[in-house]
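Dropping a structure here in structure tokens format, bear with me for questions.
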Amino acid sequence: MILELLIGLCLLGSVVLFVTPNRYAGRLAAGWSLLPLALSLLMYAGFSGQGNALLGGQLAYETTVQWVSLGPYTLNWHVGLDGISMPLIALSTVLTTAAILSAWTPIEERENQFYGLVLFLEAGLIGVFAVLDFFVWFVFWEAVLVPMYFLVAIWGGPRRKYAAIKFFVYTNVASLVMFIGFFTLVFGLGDSIASLDMPAIAQALRAGELGSLAGVGPGTLKTLAFAAMFAGFAVKVPIVPVHTWLPDAHVEAPTPVSVLLAGVLLKMGTYALLRFNFTMLPDVAQQYAAIIALFAVVSVIYGALLALAQQDLKRIVAYSSVSSMGYVILGLVAYTVYGVGGATFQMLSHGLISGLLFACVGVIYNTTHTRMVDDMSGMADRMPVTTSMFVAGSFAYMGLPLTSGFLGEYFVFLGTFHADFPGAAWFTAIAMFGIVIVAGYLLYAMQRTLFGPFSVKTAHADGGAMRTDGGEGSGSEAEHDIDRAAAHDIVPLAMLLALVIVLGVAPEISFGMIRDAVGPLVTAGGAG
Amino acid sequence: MPTRPHLNLGSHLLSGLVAVALFAVLATVFLTASFGAPQGFGGAQVTPSIGYAMFDLSGGEIPSDSFLAAFEIIDLVLLAALAAAVMLARREADGKLIGIESIRTDGGRPRDTTSASDTDVETEPNAAADGDGDREGAN
Amino acid sequence: MTGGLGVGVLQTAPPIGDWVALAPVLLLALTALALFVIDSVDPDDASGGGALAGTAAVGTLLALVAAIALLIAGIGQGQGGALRLYGGQLIVDGMALFFTVIFTSVATLVIVASYDYLRDRVYQAEYYVLMLLATTGMALMASSGSLATVFISLELASLPSYALVAFLKDNRGSVEAGIKYFLIGALSSAIFAYGISLVYGATGRLGLEAIARSLSGGTQLVGILGVGVLMVAGGFAFKTASVPFHFWAPEAYEGAPAPVSAFLSSASKAAGFVVAFRVFAVAFSPEAVVASVDWTLAFWLLAAVTMTLGNFAAATQDKVKRMLAYSSVGHAGYVLIGLAALNSGQNGLVLGASMIHLLVYGFMNTGAFLFVALAEYWEVGRTFEDYNGLGTQAPIACVAMTVFMFSLAGLPVGGGFMSKYFILVGAVGTGHFLLAALLLINSALSLYYYSRVVRSLWFEEPANSIGIEGYPLGLYAAVVGAAVVTFLLLPGIFLVSDAAISAASALFV
Amino acid sequence: MVAVQFYLLLSAAIFCIGLFGILTRRNVLFFLMSVELMLNAANINLVAFSFQYGNLTGQVFSLFITALAAAEVAVGIGIMLVLYRNFGDVDVTKATTLRW
Amino acid sequence: MAATSTAFAFEVAPAIAILPLASFVIALFAGKYLPKGGALAGIAATGGSLLLSLWIALTVAGGATYNEEIYSLVTTPNSFDLHFGLLLDPLSALMLVIVSLVSFLVHLFSLGYMNDEGERGLPRYYAGLGLFSFSMLAFVFADNLFMSFVFFELVGLCSWLLIGHWYREEAPPSAAKKAFLVTRFGDYFFLVGVVAIFATFGTTLFAGPESFPTLAEEALAGAGGGEAGGGAGELSTFGFGPGTWFTVLGFLVLGGVIGKSAQFPLHTWLPDAMEGPTPVSALIHAATMVAAGVYLVARMYGFYALSPTALAVIAFVGGFTALFAASMAVVKRDIKQVLAYSTISQYGYMMLGLGAGGYVAAVFHLMTHAFFKALLFLGAGAVIIAMHHRQDMWEMGGLKEKLPVTYYAFLAGSLALAGIFPFAGFWSKDEILYEALIHGLNDPLLLGGYLMGLTAIVFTGFYTFRMVLLTFHGEPRTHTARNPHSLGWSVKVPLVVLGVLATVIGLINMTPVAEATGLHIEYLHTWLEHGIPGLTVEHYDEVLETVAGYSAASLSPLLPAVLSLALALAGAGLAWALYSGPDPDHHTERLGDIRTLLMNNYYQDEYQVWIAETFGTGVARLSDRFDQSIVDGAVNGISEVSLLSGDRIRRIQTGIVSNYATLLTLGLVVLLLSVGLAGGWFL
């Protein structure tokens, strides 16, 4: 029942926050978010699952209750964790707390609603990662959209309404496509399943019990379903060419929301790809591995190139997310321990790092009210701590060793290079070039914004707080940090950075359980 | 006031072509259908049987479905029609209807901000309606 | 021959139990009569409509309770099969009761809301009487066992509706809506009647099960039957506001008083569907008829065109009420999938899904229109822009409206999510991928226009300060009640889904 | 004995004449009258088939249809009245404030 | 007792790297509360590292070696292990001593260069130095290629931090970015190489029977022995023959080497990196970052020795770089620029040595260069302090009298750099050229490398002495040069230490003398002969001969030595002739267009910047435009088309009820027709 408690805590917190006066909402939300955080970490520490959730593994914190029957199928409340979902749940709770803290400064109106929605979002995210019954899972999957829509549309930037509706409709369409694909499989399975329990379906599919549906044979049916689900999840990930909602959403979203969006929401897509496409239909995935890898590589390189062309710091990070998520796809398609496990690790790692970078951009934006690279330079002079965090985060993003970013990518490369599908080595080698481009745009952005003589060009910088004269050259750095970010802005950054480094130095903390969970998948689906 | 009918040919008759088309379809279908010989009523008394059938009584010579339920329902239909017709047709004795001034199906928008296409009774006082009211008053 | 027409059945008077089975209908009808009495006793209604509304609400509520009780008691369900009353003219079974629940729920909500909406208006008694009679007609439609009762109860539902739409006699919109509704309705009922006559011509029967028996051996009169079936379908299409019989709907829903719009778009639509379900599932059962008269094809076309037209037209509306009207057309298209997919093995599932959707729709759509009623009560205007910033002024109602909109769009904040996906499951499960794809496209579009309302309520700054005078209790109660039920139907869908699917499956035994 | 097809044809003709009237005339009264025609086309069918099948169902039902037609007209006239009061005309094409 | 002491020495060996890491942490978090901004912690830490390194070297000298895993990052059953380990053999022990010594001296020097000059951000500076030392030391004792890559990258980060130390100015951050990017470009190939080596051999260990050089050797032996591929059967060579594939792998790793060791064409970052504080330049160019590349090749020499193609390319690139960079150094005005190009040039020699099979020679030069180049940079740093941070040599002159310690130390370094007998550089450079010559007589590519290396000697002699003369000799040309800043002990001590080393260190491996006299005085050679099997000179020579087919022509070392000495003296003499006067002319201007070409570094920067900026961002812009207009345009287009068609569709609702009736009837007719035709009613 502990998972229910976790989700319930978030929902209850959400309700409580909606009726909390605005001035206390931020603090209450931060405090409250510690509860699920602590609980999830306790669960993490006491995690005892084994194997893959869908392939007959031993689940941790499992509950099953019957809910509805839908024609011949029962829908159950079935939750449980394996080594893939547990880290992602921890990621969600960590990033929620970080996002809430980093929202204290920028969110200045309707705070109670904001934090209420954030906690609601957290509940949805945890649900997505925990639930193992398709329909209930889908409820959570869709439920995540709603708070996100509000968060972007109410507290976002100037084009927030456009961005929010684009995100909303785009991802919703994708969900529907995926839904249709999945139910094609369900009906193709016919009588061999009696519920929409994902493990049951996965095992039935892998046992080859797919029949034909509406005159379409099992082989084609599989391929069609795979394509539909892949297309659906690809939007969420996002994979080029269905990525265009992402930069808009990121740019317009308030920073704390970007943190969650990049940190966890994108992971929903890859998580679902892993759970559905790659676990349930490994044969199709391997048959079309080269095509999928092509999508992945294009995402990596094209996303990075797009990031290179941007002037808005948030857009840079947003596009680089497209690039980074390409690595995840590449790892998944490899069907090796390092490939799939690395992809999962990269989800975690990217969640932390992109969250960190967005939060940094947010801190800078709070002070300067601009995110344009051209509008500022020498921020390091005034905001040394934030700058350090930004630098550290950027290098982690570039895959600097001893940060999780390096290991995530490295695992993927290791896993994919010798994968079975044709051209795996070439795809990997090309994808690796992403690390050069990512270094290019991040270094460029840092050089332009953080270093050089200090200046900020913005129409509405905080009055006298920022001096734009470039400052004088004496005294210590700290004295010049007249707009030093508040402690509550720095804490989430430090928290995330610490995790990035811890995971980079001791990856076994999570890679152990991930490896355990992906093991059955790859031994059944490909070479170790 | 019905006026003396006179033939008015014009483009508005074009839409009548659809009715003609429907007739063509129906006629094609009907004429290709083949029925057996009619069974007829064999000289039984039709009218009393109708009465029996309508009230669901035994004794009708000719078989029929039961219509008692329908009969009871149509009672309600007529009641409804009566209520509806009375409500719609009734005019208040003093020519004034309470509450009608604040009609809200237009959303109660202030009249000055409505668009040109918005032809509410309030925004465009209707001469005909006024005249109608006068005539009624003269009665 | 004589015996075959059930003359034997004529002799047996319905036992007491059968009167009980008709309790919801009787309660509704008696309440209507009671309202007449009240009106004649106290024509000026010193209570400002309170007594009338109260009586009407109590009547519908009792009918609702009775229907639920019967449903739970298993009357007409399970082993014994449906209860056939009046020689099969009326049938009480799970589906009839299920839909009676929908009608009475909607009627209750609407009547509660009308109390505020109609305050200080004349003809309140007539209003409630007509509404109750229309509800009665709908309940009878759900129970109709013969085309004769179908036609008559359909008229019983329709005639009061015409008058209700034109209720605001001095409002051009209302009157225009009324005349259009009436004219299309009259035309449709004529087509419907003609269709019935042709079906009678092909089978010699009007009872649904009798028709089925007659058709089970096949028929020579394929063409006549076919035209008849399609014309009957046309009659239902009118009632359900399906293309091409939908033209009245946007006008009627827009022009009518908002509670009436709510009533028509939810209950009346459901009534059209229940009778279509019954007629097509029982009388023109797919196994016997579809080979020669492919009415599933017809419904396939109707579903495709209806949902597309409804949603696309809704997408660019300026007025919220008209948007809801078109969206109502779109939803009719979704439900039609249930009929279009009846020729495959999953009949219980697809029909059940449609029934569930109609139930949920009953609440969420009624709620949405009642919110519009609330807006009309506040006189804020009717376009999207006029709703700007309402969220700050009336947060509770706006949360409710948000629930309605997202639930209508199929997001998991209400039962609409479940029901829409059940329909989609049905479509996919029966291999109707094209319909599923259309549903997908339309859903996307609907999400766009529904969220426009949400956007106005929450994201936009009010253009000019809107003064909201008062928070009318009845309207609020109805809106919030509908929202609560809509929301609860998400986790609680199992309370109705089993009943719906088993009731639907029972038609095909 | 007239073959039943011809009754059918007659009814179809009457039905389509009624329909033609609906489609081409603008006056509400004509509209109502046309609907009556269409309903009576149905009645012809019902009576003809009643004889064809040797049962009374059709005949009885035709009576009900007649009654319903009356009720419909009652309501229709009522709506027509309010239409006239509001728009000063009984032309159905005049009332076009609600569209699109 | 000896065994336990050995074991204990190896137990504490990780502390060599961890001590500077601790100083990094201390300086970063507590630096601003400490005296000297964390410098003392750094000095203590690197001093400790130096002592420990010496201890390890002594232990290794006793014949012990160590090759163990110390920390496992990821252990995956049936797949690759990622771990950190310790490989202590003569090569790494030697390198540890060099690195920790230079690092220690640089820390010490920084007291004078940074602290005394009132710099801001000292904690950051010392933290960077600490991290740099940590990374480099860990890189040196890495026992596998993966670990090497990890610390190779960290070294890159540190260089970025330190080069960009003065971030408030425009140039340093830009130079830092360039350094990181260019080396990262090389690292890309390295990364592919590491991954490919993992994928091929399942391991990246340097030493032991399961190490990848050993496996590769076995695979080649197997391939040579049996038709079926024999030992290569276990390995996946991705569709290539094992020999070809190993060459490809070698080239991939070489990409990283070329980037880090600033070989042509990825050398462009290094001169820019002079924007960093001068002690940092000393550290980067003498002992750490740039050395890392060459060290890596030496570390996995057993693998390169298997591929004659890779070796030849290394040698040629090295020789070319040596000449190419030396020619550019000739015209520079900035003292640090001269040193920067000389660094590139010297590393070119090392590559030439490695490629030519002169493993010992290359390591020898790596060592001597570490000392004399550190010396030169620190000397230049001292000059810069004295000159109040002016770096243009034409503003100096006559500093000999004012800065005698610096002068003599600098002179010792210069003599070593120019390769004048008997200074360190002479011995090592000469040995490289000798190796290149004897192997090159059988291989034209090697011979080309040799000739280029030989030519470069002239340039080296010239630019070195031009630098010395312009800086220290003649009359002071500016006011600052007349009144230089005085230097503290912390500046002088490192100079003296390094000056002594630069003078004498060459004596440890006097190959010509040994050859001529028959004495066994090639101590370095002896040092590298022992250690872990497979990592010894003997083994390398054997592999070179058997697999790569290298054969040495027999030739006396004396003649080549004399030749190169003569050339060096010629270069120096030319410089003396041109610049020895009290007020020398700008003779290089007489070179005209060539000077412009050389000043512009052969336009190497231009094309690379063009690739990175014009081309890269051009492609990026194009992608962006494509994305906005086509990809996103499609998305927005769909929504617009939908809304437009929605607007059209709703116009059907004309508001005229007769039209509705018509359409309704029409719909019915269509429905009748379609269903009727499907059902065959009309037949």
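As written, the chain order gives the labels A, B, C, D and E, with residue 1 at the start of each chain.
The definition used in the following text is that a contact is a pair of C-beta atoms (placed from the backbone, for glycine too) under 8 Å apart; a residue touches a chain by one contact, two chains touch by 3 or more.
Since this is a predicted model, take the numbers as computed values, not measurements.
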item	value
Chain whose Cα centroid lies nearest the overall Cα centroid	A
Whole-Å gap separating chain A and chain B, where each centre is the average of the chain's CA atoms	61
Interchain centroid distance [CA atoms averaged], chain C/chain E, Å	78
Euclidean distance of C-alpha centroids - chain D vs chain E, Å	96
Chain centre separation (chain B, chain C; CA means) in Å	21
Residue numbers of chain B (touch at least two other chains)	12, 15, 18-19, 22, 25-26, 28-30, 32-33, 35, 60, 63-65, 67, 70, 74, 77, 80-81, 84-88, 119, 121
Overlap residues in chain D, where contacts from two or more other chains coincide	4, 8, 15, 19, 22-24, 26, 52-55, 57, 61, 64, 68, 71-72, 75, 78-79, 82, 85-87, 92, 95-99
Contacts with 2+ other chains: residues of chain A	169
Every chain pair meeting the contact rule	A-C, A-E, B-C, B-D, B-E, C-D, C-E, D-E
Contact set on chain D toward chain B in their complex	1, 3-5, 8-9, 12-13, 15-17, 19-20, 22-24, 26, 29, 51-57, 59-61, 63-64, 67-68, 70-72, 74-75, 77-79, 81-82, 84-89, 97
Chain A-touching residues of chain E, taken from the complex the two chains share	32, 72-76, 78-80, 82, 120-121, 149-151, 153-154, 157, 160, 164, 167-170, 172-174, 176-177, 180-181, 184-185, 187-188, 191-192, 195-196, 198-199, 236, 238, 612, 616-617, 619-621, 623-624, 627, 631-632, 635, 639
Chain B to chain D touching residues, read off their complex	2, 12-13, 15-16, 18-20, 22-23, 26-27, 30-31, 33, 35, 38-42, 46, 49-50, 53-54, 60, 62-65, 67, 70-71, 74, 77-78, 80-82, 84-89, 117-119, 121, 126-129, 131-132
Chain D contact footprint on chain C (complex, rising order)	1, 5, 148, 151-152, 155, 159, 162-163, 166, 169-173, 175-180, 182-183, 186-187, 189-191, 193-194, 196-198, 200-201, 204-206, 224, 250-251, 254-255
Sites on chain C touched by chain B in the complex	1-2, 4-7, 9-11, 29, 32, 36, 85-90, 117, 120-123, 126-127, 129-130, 133-134, 136-137, 140, 146, 148-149, 152-153, 155-156, 159-160, 162-163, 166-174, 205-207, 210, 220-221, 223-224, 226-227, 254-258, 319, 321, 375-383, 386
